[in-house]
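Multiple structures are listed underneath, in structure tokens.
What follows is chain A paired twice: with chain B in the first complex and chain C in the second.
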Partner chain A sequence: MFEATSRYIIIAALTFLFAPASLKAQDHSHDDQLESSTHETSQLAPADEGHNEIHGQTVDEKEFEITELIMHHISDSHEWHFFDWNSQPVSLPLPVIVYTKKNGFSLFSSGRFHHNDDGAVVHESSNGDRFIKVHDKIYLAEEESINNSYAHFSDSHEVTNTTPDADISITKNVFNMFLGAMIMLLLFAGIIRRYKSQVPKGVAKFVEPLVVFVRDDIALQNIGEKHYKRFTPYLLTVFFFIWINNVLGLIPGGANLTGNISFTLTLSLLTFVIVNINGNKDYWRHIFWMPGVPYPVRVLMALIEIVGVFTKPFALMIRLFANMTAGHIVILSLISLVFIFKTIWIAPASVILTLFIYIIKVLVAFLQAYIFALLTALFIGQATQEHDHH
Partner chain B sequence: MDLVTPDFGLIFWTLVTFLLLVFLLGKFAWKPILKMVDDREASIEDALKAAERARDEMKSLQSDNEAVLKEARQERERILKEAREMKNKIVSDAKDIAIAEGEKAIASAKAAIVAEKASAIAELKNQAATLSIEIAEKVLGKELSVENKQAEMISKMIDEVKFN
Partner chain C sequence: MVGSIAALGAGLAVIGVGVGIGLIGKGAMEGIARQPEASGKIQTSMIIAAALIEGAGLFGIVVSLLGL
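After this line comes the complex of A and B, so read on.
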């Protein structure tokens, strides 16, 4: 019991250690974003006044580009951009799948937009829908173009075009997720074949301790002997899915999938559903009518506990999102130091710091997968635990 | 705000991919791997238990051996002791018998001697008697011609014959 408690303390300490960093990074990114949106107007403006003005912007323009670069790297995209070659982007166009109530589904390659990202290029689908891409989002094109763009902007510089009713495009994140899933399937298919005899061989020797670790130290420890077998497959999948996608995100060029709020939202939503579906009578009694405390306190406790039901998975969602996104922002910022200071001499510091953060990120990639699975197991354990009557 | 705005497409694909993975891996990976691990753990436990059992058996066998050895040693002691006793008994018995036989032999020899002596005496007496008679006859034959000599002779001879 002591061992378990001390472990939670360590995890809590680590979480808090990383939390301030991620929060700060988030604030920073938020500011940057505001900054970037103000700059976007200045980018639009020169389009009217001619090209000379673009060259006129120097210092501001550079700083803005770095922020944009970072935001672009951690955001989702309809093409998988690798690098620029002779000012031409080298990227893998990904399929766009959109649905409008009026005309139904459209499926086409994002290559149809010819790397355009401000609504200048229109793709007309075979069902008559006309699409444009602005800031990696698909919109329906307006009838006429303003400033060489079929996107119209409001006074606060937001796109006013209608969006398709559903956009389930295979974006960079989705594509990377498929890659992760494929790797998992191939990995475990390979492992199963390794289990001809009872003795694990090859890659199974590496993965099996992890499987046993998840089973014994995450599932069994937190859920208990009686129920843990039911939840072990889910916890194993969560752990490996997050871990492998975290690692894929660390590979240069990889997508920031696990640092995307939609991804973490989905996983924590599943945890929320599983925890509350499996909540037993005791669990709900402890939420709504806490036994063993005076009646006025019970009312107060009920309020707190009901909020707690939602904050637990919410914290899961934010923790993974903030940790991964912050890590990406920090690495990209450190790499960009050369551009920020405009000197090559900062490069050694930049490289050393980046390497340092990168190694930490490798640890965090594992740690966050572990924490997600562990907390999920903990919540399930709380929901299925049978209390002695006080 | 783009950063924290959930996107329907990604949620949809995450849900699909993840649930598919839970299903596929649950069925084809976790179940067999966990089963294999469980089986192996069970077999290791069994093996350990079997080893423990074998060790116990060995121990009991060893103590059995010792008991048997001890018993054998005791048996040997007992048999030797018995043999020794029997030897002593046989020797003493033999001695007793020999003494008894000896005594018996001596006794019978003595008896035989006595008997022989008696018969010898009797024989001697008989011989003496016959001898005396013969002598007497001869003497008588000669002496009886002289009357007084006869009587003298007889009494003198009878006197001489008194041995005992």
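After this line comes the complex of A and C, so read on.
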């Protein structure tokens, strides 16, 4: 029974993965709009202006904007872009779910924007709302267009259009997170079945040492024998979830999920709540009224400790976010060296350096998951340990 | 010009982190050489300390990235 359902899930997952080939946008009616928009951007840039008439070359001769490319790569997106084929983007459009107070929810595919990212293509929802996409963000369209765009810009090039009241779209990062969760579910549901004969088989042989490692070296050592069993499931979940998503982010074309501050914020918020809910009397007394120090110092200590309650999960959040983002930026910068120096002779050095950083990143992907689980265990241990008093 | 100063900040942040983690590595290696049987515990506390220092450095890097 279970085998049959899990097989269906795998097939569904595979179709999701290979769907983009069939979903590839073949809509040539919008080529004109795309062309005109590239014209405008290339005219703004001081690139060779002589070849602007021919579409295709304008793209090639646009000046290589490395910061823009890297920032685009590490940020979230409404479509999963894989590569360009004959200067047509091959991508998996993802659902957009937006809510406005006036007209309610609208759900549509981001393919309706036809890869346009500067507000030239308007999608009119069935409830009357009109949406545009500018720099991978959904805005409400203005009434009339300026320079072939329904987005209006301020003097500092910021979009002045109103945003929908809520945007809960399945973006690239969210999709990647679902993928990670699904991999985890399949992996561990499969492993449970392999334990019927007591001796682990197959993939369980690989995962068992890791589970034991988290239980013994992270949970037991830092939380203590009395309470560690209660927290091991959370630590295991956090460890494997971060690790799997880190590795998914390393696959070329993968989303930079663990380098997204909202994702790490949620994880550290969970840790914050778990630590403080389970904090015992001693923990709170050490925060608000530190025993064993003179009274004036207690007031000062209380201030510092209260700040400390928030900085610990904050540091967790920043650590994971910054590590993963920095890694992605370094890899992309090293590859971009070829385009910066505009010579192929830099390529060998660039490739070797990239490979080196990449291998370090594989280590860091594991290390960051380990550190997150370890520090969570450490904080839980601090909050639940009993002090024998002076 | 702002961009270049921000990059300078990132570089300065990395100097401190590099020295700090280097000192931890030195200390851990000396500890392991003196007491090889305690290497497991030393490694764990080494990684914790390194992570905390790295966190401080990453704060600096993030702030300088925001200024980029």
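As a working rule, the second predicted complex is superposed on the first by the 326 of 390 C-alpha atoms of A that agree within 3 Å, B and C clash if a C-alpha of one lies under 4 Å from a C-alpha of the other, contacts with A are read in each partner's own complex, and residues count from 1 in each chain.
Throughout what follows, a contact is a pair of C-beta atoms (placed from the backbone, for glycine too) under 8 Å apart; a residue touches a chain by one contact, two chains touch by 3 or more.
Here the structure is a predicted model, which is why all the values come from computation and not from measurement.
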Touch check for A:211: first (chain B), second (chain C), both, or neither?
first
So, does A:174 touch the first partner chain B, the second partner chain C, both, or neither?
first
Which partner does A:270 contact after superposing on A: first (chain B), second (chain C), both, neither?
first
Larger residue footprint on chain A, choosing between chain B and chain C, goes to B
Starting from the residues of chain A touching chain B, keep only those that also touch chain C in the other complex, and list them.
321
In the complex, chain C touches chain A at residues 44, 47-48, 51-52, 54-55, 58-59, 61-62, 68
Given the complex, residues on chain A that touch chain B span 29-30, 33, 71, 74-76, 97, 135, 166-171, 173-174, 177-178, 181, 184-185, 188-189, 191-192, 195, 198-200, 208, 211-212, 215, 232-234, 236-237, 240-241, 260-263, 265-267, 270, 321, 325
Please name which positions on chain B make contact with chain A in the complex.
1-15, 17-18, 20-22, 24-26, 28-34, 36-37, 39-40, 43
Complex contact set, residues of chain A against chain C
67, 217, 221, 315, 318-319, 321-323, 326, 367, 370-371, 374-375, 378
